[in-house]
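Here is the structure we will look at, set down as structure tokens.
For clarity, chains are labelled A, B, C and D in written order, and residue numbers in each chain start from 1.
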């Protein structure tokens, strides 16, 4: 405890300008988060938080004092800042809109690694830390490492370099790892082993934590990654907060904890939007359901196919067409072609709107971002409720690479894993045309009876190619 | 600063059970406030906060240590606690539902006085406080005193013993008082005067603050008191928080500030619900408008009267009657009689519902509380939107002592002071019967054109007496 | 100025707590239905009665012969208790009335 | 146990700050529309990059010959910067896309 008081009183001798900078930092983080959660203010909120961050960082560099002396190694620090800024900006600017979640995951991993490294250096430098300090160091290291390793796996999964793998007995292994980490941590923090031994164990814990992070994320379905990233996000927040304890640094503390708790709530909200429980996501029961659900195209009757030419005619003579985009459209990168189709139809006097399901695609707001990128005017994007209201006056619904979000089982089959999720009720329209490449199921891994219903016709092929052909066809109608 | 550090380190030697008790206190206050703002959890929230308060109080009594020694004067403390508890409980239990706001105001004043006394004692006991401590003491004293004096005036206004008074040049006087308080406070805190002089000035400030509190509340319309009480409430919260600084006491700090900021927001929300600005309330411009608006029953045409007998017939042969209660019903204490009317009509096969305007009466929720007291079943109370939806299917609307909340000027006359406030649109019903004692205006002091409209008929008299007569009449129909 | 900065430094954590509490108070209260304004006001009123803790400390530390402190302190504790107890009881009574809603 | 209580006492204000921040985080985020989940996640991600301050302190205090601290510290600052800068830039890009909404 003494050391804590000493630390505190030393802290008091710090320049009060720095404290003030930190106060501004904390306030901007709160305001930023608050504004980020409202559509109109979100962008400004992000900038405000960024401003607070810059103030806190430069405040630290120039004003921080410990034992009366300021920081050194300015050359190293600035070199690192410049490298990080250049690489970070380039990566962030270059990334495809659709690859956003993996980018976020990667950056999150960097934060986790940063927390891990800080703990390692502190452990290395302080030969005999107090129990309190040691506890903070070890916990910060564990959480930072888990977040780092987990984020890297999540990143790999999202960009496709790592495939979903269910490890046999995975849950058991995770449980053992968890126990091992706790056990070793107690031995190190409680001082039950010799200093040399403790040193070895410390790095042992790091290794176990990394393994835990990997195995924790590995079995989770690739498409559940946004939820997992949000969870790892809050882990990194907590790791940053431990840094706040370590340096008695208020802005690290508030920033870290705010993100930790906000991230947790966000994770829960995301699960809710998908109509799933967090446990369900983590255990990855969709993967399990997949084998059962997709067991066969059973004998659900037959589906009709429709030719490009017929589709073109149907569209050209419709009064109102609703396009329902899904994950397939993003995969095919067909947003621009889709926008072109819309324009061609408009020229023919056909009204075109888009029906946007909140969880279409693989991240919340995916379709909005995607179509905005292709300059589709915002007023044409209907939210689910509005889209369903207008369904009755729609002649043709054109489903482009969407599947689960139009699956009637969500309304009709209480045994379906997606039962209860609100869907776009396309069958209220006159005709339903479904574009996808095969009869394979979508994300939830379940059969979609819609394809066998009387109103539906299938138009197989890659979304982009089909749309291009369709546009050509339309010009001849 | 030194003294602050010393205080801090001393505080550390306090029993950590006390700190823990304070932590619980802070958390229960947050939870309590959170739950108080949702209808289903409100009551539990209040109890939770009360539990935290008890823990904090008894923690302080038994565990608080300063310079290593605990508190003394237990006999005095417990005597005071017992007296306060007995008197407080009795007063709170005995008070009429309709007198709640004045009771709250009185209790609020007690809190302000408590803060004021603490500051006085601290000033008296510490001959040479540091500037920081002195600042806290003086500010706590000023705010506590203003809150105390203002609350007492508000209490007097609500129970009718003090009448609204617009002091000529009142705003100017308040401005001068405010300046005087600030000026003297700077002299005392800055140490610009001799100790003896400072002592005198200190009590001078107290006197000025009391005057300020009185003059601040005096000109505000009696019916605006709920807003003013909410504002004074947040003042007392801030005064309590200064106590938190003084004793480095976290629960006083969080509790006080929470109430301070929550109270401020609540004040703003209340103003919004009445469609007025806070400034408008404080300057009391309704009072001003009164002279203008009520300038005459102009020549708005004539109003019809309706006899008791006709009213009884109209009601008895209606299918659906909507009762719209207002402030007059509360004044007449006619809620029980009103409930009786409802039962008599029910027996005759008439459906009766109540249309509740959110700011009907003189405090938010006034009508709900009033009718709940008379055991009117909750499902018969329609909120404004529902009431307006059902207005079209209503045969007779019976307005009992309401006025502003049914004034069509709010929708039709952009120059009206209540323009923009949502109202109960009674003219959508077939017949409108208005019970009040005269043609005098209501709270907003403006003419109500509704009374002159073709569908309306007036039924003059005190609400309770009229209802009793009506019931008698109905039994003969 | 010097006094002020040292005050700021010395009470830095407390100031952070104040700022967080301000935001929290605002967040928690925004969006209350109008019907709850009165009980919420009354509940908040009871909570700031926490000032009684200061009164207890002042009273408990008063020296034996110091009647100024003893009498004013006694008064302060009584008034503080009134605020706390009266506040919570009145709020509970009000909410009890609202509670009748549930008799659906 | 003794170590723990003294830790609790010593960091009492920090613990209060933690608790307030937890509540604040929860209050601020509840009720976000689904469309904003991704940018909000990304913005929060940038904010926890505040851990870079720890890295800067560690780096700035490293002794001249202490290559363990210097190298790991350097790495930590680079990674922290990536988190901060990348996070804010990516969020801004995302929100820019959403911003097109306003072209109504």
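General remarks:
We adopt the following convention: a residue touches a chain if its C-beta (ideal position, glycine included) is under 8 Å from a C-beta of that chain, and two chains touch if they have at least 3 such contacts.
Since we're looking at a predicted model, the values are computed, not measured.
Between B-C and B-D, more C-beta contact pairs join the chains of B-C.
The chain with its C-alpha centre at the largest distance from the centre of chain D is B. Chain centres here are Cα averages; for chain B and chain C they lie 16 Å apart.
In this assembly, the C-alpha centroid of chain A lies 46 Å from the C-alpha centroid of chain B.
Chain geometry summary: the mean Cα position of chain A and that of chain C are 42 Å apart. The set of chain B residues that touch two or more partner chains comprises 1, 5, 8, 12, 30, 34, 250, 254.
Counting partner chains per residue, chain D shows two or more touched chains at residues 6, 9-10, 13-14, 16-17, 20-21, 23-24, 27-28. Of all the residues in chain C, the ones that touch chain B in their complex are 3, 6-7, 9-11, 14, 17-18, 21-26, 28-62, 66, 68-70, 72-104. Within the complex formed with chain D, the residues of chain A that make contact are 1, 4-5, 8, 25, 29-30, 32-34, 36-39, 42-43, 45-47, 49-50, 53, 56-57, 60-61, 64, 66, 70-74, 76-77, 79-81, 83-85, 87-89, 91-93, 95, 97, 100-101, 103-104, 106-108, 110-111, 113-115, 117-118, 120-122, 124-125, 130-132, 135, 226, 229-230, 233-234, 236-237, 239-241, 243-266, 269-270, 273, 358-359, 363-366, 368-369, 372-373, 375, 377-379.
Residues of chain D touching chain B in their complex: 5-6, 8-10, 12-13, 15-16, 19-20, 23, 27. Put simply, chain C touches chain D in their complex at residues 13-14, 16-17, 20-21, 23-24, 27-28. Those residues of chain B that touch chain D in the complex are listed here as 12-14, 16, 19-20, 23, 26-27, 30, 34, 250, 254.
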